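This is the structure I want to talk about, given as structure tokens.
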Amino acid sequence: MEEKETVSPVPEQKAVTLPPDGSLLLSSSPHIRTSLSINKIMGEVMLCLLPAAVMAVCRYGWNAVRVIGLCMIFCAGWEMLWCKVTKQAQTVRDLSALLTGMILGLNLSPLLPWWLCLAGSFVAIVIAKQVFGGLGQNPFNPAAVARVALLVGAARPMTTWAELPSAFAQMDGVTSATPLTAASQAAAQHADLALYNSSDFLKNAFLGNIGGSLGETCTLAILIGAAGLISLKLIRLYIPLAILGTITVFVWIVNAAAPGLTPGPLFHLLTGGVMLGAFFMATDYVTSPVTNLGGVVFGIGIGVIVCVIRIWGSFPEGMSFAIVIMNALVPLIDKFCYKRPFGWNPVNAYQPRRGEIK
Amino acid sequence: MTNVILAALALAILGLVLGMLIGYTAKRFAVQTDPRIEAITELLPGANCGGCGYAGCADYARAMVEDGVSPAGCAVVSEENFQKISQALGQDSGKRERKVAVVYCSGDNGHARRVALYNGLNDCRAAAVLSGGGKGCRFGCIGLGSCARSCQFGAIELRNGLAVVHPEICKGCGKCTEVCPRKLIRLVSAETKAHVYCNSLDKGPAKRKNCTAGCLACRKCVKAAPDIFNAQGFLVRAREGAEISDELIASINCPTGALQSVADHLRSGKGKEGAA
Amino acid sequence: MNSHHLPAAPHHFAGGIHPADGKAMSASGTIRIPPLLDKYFLVIQQNIGIPPKLLVKKGDPVKKGQLIAEAGGPISVPLHAPTSGTVGDTLDIPGANGAPVPAVEIISDGKDEWCEPMEPYADWRNVSRERLLARVKDAGIVGMGGAAFPTHAKLSPPPERAIDTLVINGAECEPYLTADDHLMREAAQAVITGAGICAKILRISHVLIGVEENKPEAITALRAAAKGIRDLSVVPLHVRYPQGGEKQLIYALTGRKVMAGGLPMDVGCVVQNVGTLAAIADAVINGRPLIERVVTVTGSPVAEPGNFRFRLGTPVRKALEFAGGIRKEVRKLILGGPMMGFAQSSLDVTVSKNTSGILLLAADEVRQFEAGPCLSCGRCVEACPMRLLVSTLSKVCENERYDLADENYVMNCLECGICTYVCPAGRPNVQHFRRAKAELRTMKRKN
Amino acid sequence: MPSNEWLTITVGAILVNNIVLSRILGICPFLGVSKKIKTALGMGGAVIFVMGIASLTTACLYRWLLSVKLDFRIGSFAVQNLDMGFTRILVFIVVIAALVQIVEILLQKFSPALYGALGIYLPLITTNCAVLGAAQLNAESGRGILQSTVYGICSGMGFALALILFASLRERLELSRIPKAFQGTSIALITAGILALAFMGFSGLVK
């Protein structure tokens, strides 16, 4: 050992200015923390929703601005009002209410009257979130619950769509129904579904030239947003991939078993709220399982329920139903999909034996 | 008409048959329970505070009946019900002394020195291991209110960083004494009218540095009333259950105000909060 | 890398993070030796276990390295004077975890004279392992990585435990700290010698030294010092906190998993910190007890951050003076690293056998806990090296449902701090778990 | 759409016309015994058992006694074309009540832990509308005895499913900071409402 007995030159004794009495902060370890915060996360998710919102405005003009804006304002308003009435600290600054409003707005029809936006926001913020204790405590996705409530309670306004100024609208001849509704009607009448599997149609669906709720028509815009979510490390891919994969496989099997019952897998992936739901709603932290395995189970459940409702149910679209139903299962999934702690049951347990020791 | 009579008859027969069947099963598979357990459970307060050391009142009642545990373990039950329980158990009940909890500290934010800011769980036990949550005194009240939250009866008030027990509400269950990491809450006879509200075993100067309301062991009180007050090291304690008149306290005039009557202690905190 | 028929060594573990490490601040330069102080305040109990028994009284003259407290039991180590002089008062000073602890004051006479040294075993290979083990104990050596567990106890596993590997922890995964890094660079030979002594005591030859890849100089130095030693390998590890956690390190180096609630010896390993090894080498070869250690003094408010060889009992106030003083407002004073160290409220705490660092954080570097609502985002679950369901646990503990906390394996928590570091809601998870563990321990003791 | 009769009965009873979430029957035990998954499992099992047996018994009674015209004579007293169908509810209640009483006694004897956990709610199944409802629905839809039994069991399974789902949610809600005004039954009812809303998505799966 190279012992250094020589004393190195000492810096001249500078008086240590002590922090004043009682100003040192005492807290438990760790003493450093990530710069991430809740409102940062919410803001970034909203940023990722922007492409879809912009596309909605391009397609539907002021109506889109109106519905999305109203929902955001109403949601924030309800949150502020709730905090005021229950005399608790204002939580609107965590941006979660605005995000809920934005997602809700993107889930609605551009022609929805303002009072339904108000009611929907009330359901989302007050009934689905605040009565459960606010952010982080709600078992159900607020936007999905609001959409389900509106779908059930106000089916007509929710499914009335603007005239589509696109080439496809004329081609289809259906202006008041989404392709999903049209396809399910066509299937019920045993009509030919080839139209919905044509590459022309699918291209339109990908680019957003079809009818539907504000934010869910343009798959491309949603995928751009999803890429943002992933690159910002806001979501993990387990849930969306499980949903999309399940839908693909399920529809493929149904198609193989009973042709003519429903259009192909691509149709189901590109229409309706699947993309928006898979990337932005099912991945909601609060209401999805925390483990990766749980996420996969959750996603598979959503995929199956969506397909069942779409193919056999009386509602043409089942994404929000599926999300809310699977939300109810999350506590169970979390319970059963949790692998135990490190070293709990070592598969490759190593037990050295006496003879092995030199 | 015949139909109705027949229906009634048929139902009556059905009822009879089923009733007999139930009667038979009830006899055949009967389970014996002691009716006293239920009766005593009814008499207990039902707060399930756990002060007796059992999992709730029903469990305690079971223990009383089956294991012969004394009913005196429940501090909360009213005198009347206590007598009834003793009767039901066929035991001779003695007179119980009412006890209340006392927080032996008067170091609220106006008196105790803060050496650091505390940032973390709002819980005394968690703060106790972190240099005691920032107050300089390592014996005094941490002031995060774990005891107040543990009290089923809402008898503890957190006042300006100091827990204060309201003796008229306190049932003496002793839950707070277990929760307090500093062990400065004790159950004492409700008859004691004044206490030395300090728990610090530090030497005088060290105590003085950390708190302006601590007992400095000047022994003024011990000299005035040696039969009531006795000094243990650097801390004076009033004898439990001693008669201490307000005049005596006034004549002693404790220099730091650590010796206070219970009523004054309750009042003074309020006044200071208003001032702060 | 090794000839043993072991599970594949993964060189990393599941979970973990790499926080901004701030090591650059103190990484340059060499270990500095501070001048002698007038007074040292030696905390009497510097080891986990039984406190040692004080042998001196006020006014006694002492020499440097003289025994001033003897081991109080099997899990206890003696304590030695850091310099020559006289024994002063026995008084209470703030301890590292906040509670006051008894300490003895040593008033220096400025001569710094050594006492009669223990017999140097320069040729340690020919000394019996019993004598080596006794020397480790007599020199007062404890685990210097932080646990302060008496090393001689760790080196004498029960005979029914078969040990085949000595795992050496040079990972130093804690951000900001570079004490082990410097030690490995400057005293690599001592580390290797210490490893050899430990291996001899354990009657094994297989030694693995794990060093994170961000310390290339240390790896080079260790490899140079270990040249020609069969069965000893220096393994570069992924840079990932908590690579230096005992279980994580063993897994990364050998692929063996220590069972929950188990000890390294269950899988045939003994883990030692590099600082401990250097101290062992010094004790065996030079016959010197443990009276000083390398400490990193760092943080943005420190004028001249670096590594120092402090005598035990040096007050932090003095330590900061040696490091050039404070140049901006301090918000937090931490003994140890930022992830697992203890925040202090007083500058009167002293350097003890397990103090690896003195870290100051300025106001703008400290983000306070906010106890926001848990979003169940799963970042903590992803990062937990023990694979606990942290989000659920955190909520359970917040509600003081310790029964549920136990069901959710809270007792396996390492308190490494990752879950709290990554939490966007700023929840004080580690504190929750600490409290839950303490409550559960008392509950279990009662029953 | 699944045309198979059995599929209709099972899927219909479990999902589409879930006895709790769609028909809003049996709410009392649904709210009462859903605090813990463990008790919910026990209760679910009890309900499946009781509903199955009750459906079987009542279907037999209905098929062979209540829905047929009876002709009999006792001595000189002759009855012709006696239709006892109108006593259906009375008979069902009496039979189910007796059945549950017996089950309760047996449980107390053989599984005191489960008995303690189910507490007051076992007697509640005695006159539970869910059990009676299943019997009534069977009688109304004119199902055969086997179909009725299967329907009863599946309704019980639907109840158990809803109960377990709900219990797991409530275990989570227990850890939430629910405003005082909404704690307990009120939040449970809101949750049940949202669940019912979501289960409406299954409408149309069976006719």
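For the reader, a short list of remarks on this structure follows.
Each chain gets a letter, A, B, C and D, in the order it is written, and its residues are counted from 1.
Operating definition for what follows: a contact is a pair of C-beta atoms (placed from the backbone, for glycine too) under 8 Å apart; a residue touches a chain by one contact, two chains touch by 3 or more.
Keep in mind that this is a model prediction, so the values were computed, not measured.
Excluding chain C, the assembly's touch network remains one piece. Every chain gets a centre from its CA atoms, and the centre nearest the mean of all protein CA atoms is that of A.
Should one ask which of B-C and A-B has more C-beta pairs in contact, the pair is B-C.
Ranked by separation of Cα centres from chain A, the top chain is B. The distance from the centre of chain B to the centre of chain C, each centre being the mean of the chain's C-alpha atoms, comes to 43 Å.
Centroids built from CA atoms put chain D at 46 Å from chain B. The mean-CA centres of chain A and chain D are about 36 angstrom from one another, to the nearest whole unit. Shown for chain C are the residues that touch two or more other chains, namely 98, 343-345, 368-369, 373, 428, 431, 434.
Listed for chain B are residues 115-116, 119-121, 126, 130-131, 134, each touching two or more other chains.
Shown for chain A are the residues that touch two or more other chains, namely 23-28, 133-134, 137.
Taken together, the touching pairs cover every possible pairing of the chains. Taken together, the chain D residues at the contact with chain B in this complex read 79, 82-84, 86-87, 90-91, 94-95, 98, 101-102, 105-106, 108-110, 112. For chain B in complex with chain A, the residues that touch the partner chain are 113-121, 126, 130-131, 133-134. Looking at the complex, you find that chain C touches chain B at residues 94, 97-100, 343-346, 368-369, 371, 428, 431-432, 434-435, 438-439.
Listing the residues of chain B that touch chain D in their complex gives 2-3, 6-7, 10-11, 14-15, 18-19, 21-22, 25-26, 29-31. Chain contact summary for the complex, chain C toward chain D: residues 373, 395-396, 398-399, 401.
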